[in-house]
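By written order: A, B and C. Residues from 1 in each chain.
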């Protein structure tokens, strides 16, 4: 979003949404809670990319690599016997993922524009093949996590409701962190890089370092999402790194509205619900097998007609209300 | 007492830059002095902008050295030179079109702000040091009333002024100004020239310009480039009388000295 | 250092590498031209390769039954159909992408991939199919007295070389080629000079589609016809374009051959890391030249 004079963005929709998210398990059954947890973790995944794409303008088509690396790191770092505590496992997983992001980013950020899109896609394919073909993971079958990790003060992460709240806590923490970064000097510098990188360099910003920092941060947060995914399912497989995942997270961002953190969360919700609907036999009967067709058409239609996403719609609706005759601006 | 002379704020020696078969800058040497406006003039395609790009660090030279206050910065890239006190403005306005005027300058000032140890999560919009520097630059250039306007709504002249303000916000010692008067009307030109005049103390200014009237009004020294090489350099009166310079400009209409 | 393979195997692998690289070149050259000239990044490019292969499989029995024709007829009809497809697709869909930014182009063409995949599933099912090479070319030919090599594979390489030469001729020697190269360097100027940019774009896009589909058609007897075959080719084409440089056909050729060799010998020498070798190559080149080996046409 442009850093014009501070807009009075009402906090009440965010607070209302937060309350709804927290109160949800009181009304939902097990299936609903499981779906909601998937949405929450996907929202964290989308948020992790939001700063990189929306604020810095670096379109990465390989972000699934870090989701997968985080998930596999969780499975591989967990000891063979005994339940690992997230107190050490989580920082370890995030560190490993961040380190990978640093190395991949150092190479990828040497490129610009379309090259960057293609290169990130290629690197994530490389990561996919590493897990799919070599013996690191269990090959194309994936691997199970031996024992469910534990968290102090929390009874059991195996309980759907408990895990849901842990995921929600992570979502809130990620959202608040990214909001703070966006407002801070680092975030403003990233926005400047997106709008006019040459000018930023002329002013004295080492833009390569800033971009690399943003990329590494995005990777680290994706690692958090990967960790949650692995713990939720108890199982990881290479499809987490498939480029379809990278495409999905970009779609979440554009559907919600680029440049908006709320947009990332809303976009994740909208995308997953849409996908669930198209795959639902209750709605589409036997045709649900071919869910990729309506999804593909929906993607084309949404990107073509709503390039600024749902948050963009909201902005133009508010702008139109403000300029309507008779309404005091 | 040292015998060494005080180093020039900016000194370039033997700069060469080629593009394929064309030598755009051919063994050019130039030195700026503090408190001086040094104009760089020449025919179109003389290599002036290329030279500025090499001085600024945006382009690497094929040969030659650049020194800032005696320090050899030839191998330094642009951001590092900018942080060392070298500022530049662009011939084709290069601003942040979607930000406000104030944010444009604040961002440029932020680059020079020393890094703090604190985990900087405070809002940038309240960052006092960069805000102060930005406001000072805006006040200096006279566009402080425009502070909250979005750049896309500004007129061309206002944008050119912002271009210079952004350069000043970083509080540089050396200013490389690439045609700041381009496309400006008479009033705006006068204002800009008055500004450049006021900037003389404490700064070393290189002014690339086509407007001969303005150049001869304000420059302390003039360097003339033709086809990539320097053909004359000295005080305005000497340049005016120089036969080579007159010959170079003979083909140009409106070349009135 | 011990030689890991004998001379005969080495030569066979070299020929395989060249053939693979040349096929990749056909696909990647379309991709690089479409991006270099039209500024459109088209993720669905791999789908055209798949469509070509499925066309070869679907048309073969029809052509044999109704036209008493062989493989050459199938190819000819396939080329005409894919040019038509490219023409219509550019007019109906791609022309909307010109003014969009890269992210929107990427996502819209990603949606197109899903649509193509599912249409394929509806029309041709999800099974793996084989396509028979023409009988006259089905055998192997002896190369010296060291080994024999399938004739059909040699033909693939030969055909690709002919196509590459034809492309060079058109680009370097014809007025159309000049317009294409002009369009690649400076779109607005070309328009101002009276070159019909819209027509040019349609031609370039249709050619790109036809090249990819043609590659799929001639590769079908060798690689079989299966769902998802477009995706692997797409990503490798991206690697080729990144290594070769966007907009450069020369670069695409060199990069495709490099990729062909690295991939083929990677699979033979280090089977566990087979998929990874090509990306290591890409990373190495990026360290050295972030904009690819060559830059424009």
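Operating definition for what follows: a residue touches a chain if its C-beta (ideal position, glycine included) is under 8 Å from a C-beta of that chain, and two chains touch if they have at least 3 such contacts.
Here the structure is a predicted model, which is why all the values come from computation and not from measurement.
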Centre-most chain, if every chain is reduced to its averaged C-alpha atoms: A
Chain pair bearing the highest count of C-beta contacts: A-C
Between subunit C and subunit B, distance of the C-alpha-averaged centres to the nearest whole Å: 49
Between subunit C and subunit A, distance of the C-alpha-averaged centres to the nearest whole Å: 33
Cα-centroid distance, subunit A relative to subunit B, in whole angstrom: 43
Multi-chain contact residues (two or more partners), subunit A: none
Residues of subunit A touching subunit C in the complex: 53, 59, 61, 107-108, 110-115, 117-119, 121-123, 125-126, 129-130, 132-135, 243, 247, 250-251, 254, 258, 290, 292-293, 295-300, 303-304, 307
Residues of subunit B that touch subunit A when the two form their complex: 56, 58, 77-80, 82-83, 87-88, 90, 94-100, 103, 106-108, 110-113, 120-125, 127, 130, 148, 150, 166, 170
Touch list for subunit A against partner subunit B, complex: 2-6, 180-181, 183-189, 191-192, 195-196, 198-207
Residues on subunit C engaged by subunit A in the complex (per definition of touch): 35, 41, 96, 100, 102-104, 106-108, 110-115, 117-119, 121-122, 231, 235, 238-239, 241-242, 246, 272-276, 279-280, 282-283, 286-287, 290-292
